[in-house]
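We call the chains A, B, C, D, E, F, G and H, going by the order they appear; numbering starts again at 1 in every chain.
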Amino acid sequence: MITLTVNGKPREIEREMTIPEFLAAHGVNPETVAVAVNGEVVAKERWPGVTLRAGDAVEVVRMVGGG
Amino acid sequence: MKDDSASGTNDYLEIAGKRFRSRLMLGTGKYRSPEETVAALEASGAEIVTVAIRRLDLDNPNAKTELDYIDWSKYTILPNTAGCRTVDEALMTARLARSVTGSNWIKLEVIPDPKYLLPDPVGTLEAARQLLDEGFVVLPYMHADPILARHLEEAGCATVMPLGSAIGSGQGILTIDEIRIIVENTGVPVVVDAGLGAPSDAALAMEIGADAVLINTAVAKAQDPVRMAAAMRLGVEAGRAAYLAGRIPRKPFASASSPEEGVVRV
Amino acid sequence: MKDDSASGTNDYLEIAGKRFRSRLMLGTGKYRSPEETVAALEASGAEIVTVAIRRLDLDNPNAKTELDYIDWSKYTILPNTAGCRTVDEALMTARLARSVTGSNWIKLEVIPDPKYLLPDPVGTLEAARQLLDEGFVVLPYMHADPILARHLEEAGCATVMPLGSAIGSGQGILTIDEIRIIVENTGVPVVVDAGLGAPSDAALAMEIGADAVLINTAVAKAQDPVRMAAAMRLGVEAGRAAYLAGRIPRKPFASASSPEEGVVRV
Amino acid sequence: MITLTVNGKPREIEREMTIPEFLAAHGVNPETVAVAVNGEVVAKERWPGVTLRAGDAVEVVRMVGGG
Amino acid sequence: MKDDSASGTNDYLEIAGKRFRSRLMLGTGKYRSPEETVAALEASGAEIVTVAIRRLDLDNPNAKTELDYIDWSKYTILPNTAGCRTVDEALMTARLARSVTGSNWIKLEVIPDPKYLLPDPVGTLEAARQLLDEGFVVLPYMHADPILARHLEEAGCATVMPLGSAIGSGQGILTIDEIRIIVENTGVPVVVDAGLGAPSDAALAMEIGADAVLINTAVAKAQDPVRMAAAMRLGVEAGRAAYLAGRIPRKPFASASSPEEGVVRV
Amino acid sequence: MKDDSASGTNDYLEIAGKRFRSRLMLGTGKYRSPEETVAALEASGAEIVTVAIRRLDLDNPNAKTELDYIDWSKYTILPNTAGCRTVDEALMTARLARSVTGSNWIKLEVIPDPKYLLPDPVGTLEAARQLLDEGFVVLPYMHADPILARHLEEAGCATVMPLGSAIGSGQGILTIDEIRIIVENTGVPVVVDAGLGAPSDAALAMEIGADAVLINTAVAKAQDPVRMAAAMRLGVEAGRAAYLAGRIPRKPFASASSPEEGVVRV
Amino acid sequence: MITLTVNGKPREIEREMTIPEFLAAHGVNPETVAVAVNGEVVAKERWPGVTLRAGDAVEVVRMVGGG
Amino acid sequence: MITLTVNGKPREIEREMTIPEFLAAHGVNPETVAVAVNGEVVAKERWPGVTLRAGDAVEVVRMVGGG
């Protein structure tokens, strides 16, 4: 088990994994989100090459209603 | 808008090279249901629609939102950085917005104060410059400060979006003189954002020469949002047509509308 | 107004038992040409049209006026007593109006002062009572005085027509609180007359619950009267729809339109 | 010749005449006007029976554009 | 007011032949204590003081009121007919007021509606005429209707007292254009009554040429009524002095207060 | 101000550790004569007086100005950077002002636009930071932007000086809501500058909690500047006293000032 | 005992009495009040001559604070 | 003769001179002015040591009425 900070809160995951793996593990539709790791937004085409490691700060966001 | 519209067939709003017939941008926050959101969008005739960017709840990642009901092929999506208190938060949110929407348009908001929700002139200009460097089309929300509008235009922003009054307050346009000056001096479209409460406010914005308005709360929180969306559309069209028609000047005195000669005297 | 209008299919203005779809009454004074008059009437969608009564020039009795170009089968004619300074002049003019138009509707004006053109509360009430006795349908022009409105309604007037601001001034509605009170307390239709300069003014009148507006100078003297007539029509429809839709309250403070939770923090 | 006051000004006519005669003498289309004599409006159906006499005050009015 | 006052030594308010230095009339209702009433009167510099007429409680006939603490030799007493809904009630109250005060001055109020407390133009004029016949000096409270003001002046009233806004509301002067017209056209003193909430309101009334103001609630219900009374006095004096000094016109554009020539350029 | 003043004996304005009894700052531009300037200063009671810095005409170096007639031992001099369009011009002018006056106080103005004379938010903040580094006491003129006020305060400015309306326009305070927010959130004195036209405007600024006002054109260009100076003094004192006294809230409805019970009914 | 209507409410008094007697009976300072009987204000100098009788409608008023 | 730029305009003076000399030559009361040379304000105590040379840009300013 390793611990990330996801959306501002600690979250444990089984092991290091790539962004697509992380999203799949959480049942997230990758079409609808954007991801940043350690303050940098990761373009979708680069997701498979980015592995989340212990201590990483991850943001996963979506669109919601707003004005 | 039909060909026989009051504004005429060749009247377009153009932002960053893209043309729109509608001059009413609509927000998607605060509706009572997804159905109302979709129907209000439809009734408003809006072509540009704003959304916010928020953290996904990873424990409930597939909860549907109102946005899942919208046919996005019909609208230009305009994500905002609402809620961002600092330049860095706004930059990060803008970049995430580009990634999630696939569009480089961003409604930029840098709002340090959670009570009055007023935008930071200095931070907004700084963030705008950075985002423009990164290739964004920036539509900055701002206090109705004509000199700030000039700075933002000179930096390369696609529009300026001065506030009418406190966001969500429905107080209408309390900054009318400033907006007149901004309209007179600004080459990019002027979009009045925040505070509009009724079609009369939207019409007034257009009558003084604003190019468009952005409305959310006044539609979403009306008792009948769909009818209010239609009303706002009419108000914007009315104001635009009046601007093109050239209104009479305000005069401090009366003048009769019937002839003064030939009255029957007793 | 079409069936799919923003105000709905069953929304009528009813005056003295007669129903109207349009809530915009239009005056016929001060246009630049008969063609403009006719086209503006058409564009406005008005169903009630005001005219004045004036002495015929017997040396040139067949000079055409703008009114000769109007197809009166399409409109309800509403003659006024504009220019009358006293009760007696107004009574005489009303009776002549009935004779020449064949209609017993009269827009009653008793205006002693030629500079400010403000109506006489006492004289208007006295003339209204007399004309009601003679079988007229009386629509009295009045200062926005709620107690006077009550007197006029109790006397039997078909509407009350409070002024928004000085006639022909284009200053909009400076009597908004009084008109709100009149709307709240009056059983007959409230028609805001005088001072409206732009669609935003017309929309505002309707939003606060007025039943109709009467406009002349703001259309006739616009740079493009026909387009302005269309704009006014849209403004009135917008305001009426907003009234029916139930606007948000004005609040002295801000409230965010995007969710406050879930913002990306840096 | 007799003198009336018509629309506030003196006007001479050849002789006493009824309202329709007066209007016809001046080329006025009777459909478009209303007439008052000495402060009383005369209904159109009564016009043929009303003769204008010296000193009568006559009003002849029409509709014009107004608001 | 001292000899070196800002308004000058020869600036008097004259009503019915009586001269006053103070242009602030003060009401005596709604104070928290008699001591406050007396001290506020003193601090205000008022010379004309209003009172109401009410039924005596015969079961407690000697209960002291705030009025028992006032040295009436210092003030001109002005009883009102507040609370009267009809002409007859106002006439009766005025006659009783004359009997109890020994003065024939009356502030006439005919207010049919208990919610909005707006005066009846027709009833007020009718009551004024009757009281003038009976030898009263009549100061009528009225809507800010310039034609009604003319009727009341022509009837022989000693002043006209148009309202600024709803009584007790503290909304200030919402009837500014009408009051300007009344000032321009009226020969008797114009006293702005009702709605003034702060010295800025009182100053504004005087700046547009009103001859005096009447204030009650804004002083009595201030957190510190005595200091507010002093503040109102200063506000009235400031406004009167400004009226006499001739203010600059309002202009829609800017003009520099420092010289435009000779600036150091870099 | 006397000991028995309406504001009380312990009510001081404190700027950069210096205490003042007067809350009215007066400018010295645009008077008709030196005598009027001196007399108006005297009548105003001002303790802080603004001047501009301009190039000397070397061909006429000893031409007297109004300033030569002022006894500067009585006043705190406050030079401005009026006319400066850029940060560099303002910095240079401020440094020259310090050299010529011997004082390190500066009223900072960076005004790029010669037509509307509106201050540059970004340039003003940049210049303020530099001047503060150089040891100046900076009083920045600014748009009534609450977030900008916060930046200026955080930078170390001695006051903030938000505008009421366009300089020299006499339009009064069109930025009332923003100034309220600035007052609520700012720890340094808030001085309302620009646009005040009459004592009612000055009183209003003080009533909403401003610490002082700065006036020039409204006094200098009044028909009688000396009397207007006295009027402004009274207006400021009135407004300050009212602020301390705690005004009644504005209410949308009426409430009687006389008792509702015990009216004589007929 | 007779009954008057005083200030809108019924009030019993022992017997018919003049206005000064009525005021004295109720402990009212006559300096501070005005009196109307049956809709007519009675001037103070006429008080001694006016007797209050059964059914009379009497108003007794004073000044109070008002604006 | 050398040429300075004084207050934005060319001005000839006989020779190089210090600031006090320059002011005296133009009849300027030194108490009432401030001076900058080539964009730098010169403190009054430093004036005697600063010589104005050909091409120097000089600003000489005073206070005037302003708001």
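Rule of thumb we're sticking to: a contact is a pair of C-beta atoms (placed from the backbone, for glycine too) under 8 Å apart; a residue touches a chain by one contact, two chains touch by 3 or more.
Keep in mind that what you see is a predicted model, and the values were worked out from it rather than measured.
Distances between chain centres, each the mean of the C-alpha atoms, put A farthest from subunit E.
Annotation: 35 Å between the Cα-based centres of subunit B and subunit F. Rounded to a whole number, the gap between the C-alpha centres of subunit C and subunit D is 33 angstrom. Once the centre of each chain is set as its mean CA position, subunit F and subunit G turn out to be 62 Å apart. Per-chain Cα centroids separate subunit B from subunit E by 46 Å. Each of the following residues of subunit D touches two or more other chains: 7-8, 36, 39, 59, 61, 64-67. Residue numbers of subunit E whose C-beta contacts span two or more other chains: 27, 29-30, 52-55, 80, 82, 92-93, 96, 116, 118, 166, 216-217, 220, 257-259, 262, 264-266. You'll find the chains touch as A-B, A-C, B-C, B-D, B-F, C-D, C-E, E-F, E-G, E-H, F-G, F-H. The touching residues of subunit A, when paired with subunit B in their complex, are 6-8, 11, 26-29, 32-36, 39, 41-44, 59-67. Considering their complex, residues 27-31, 37, 50-56, 58, 61-62, 65-67, 77, 79-80, 82, 92-93, 95-101, 214-217, 220 of subunit B touch subunit A.
Per the touch definition, subunit F reaches subunit B in the complex via residues 112-113, 116, 118-122, 125, 143, 145-148, 150-151, 165-166, 174, 177, 181, 185.
Of all residues in subunit E, only 257-259, 262, 264-266 touch subunit H in the complex they form.
Across the complex, subunit E is touched by residues 6, 8, 27, 29-30, 43, 52-55, 57, 80, 82-84, 86, 88-89, 92-93, 96, 114-118, 166-172, 197-201, 203-204, 207, 216-218, 220-225, 227-228, 230-235, 237-239, 241-242, 244-266 of subunit F.
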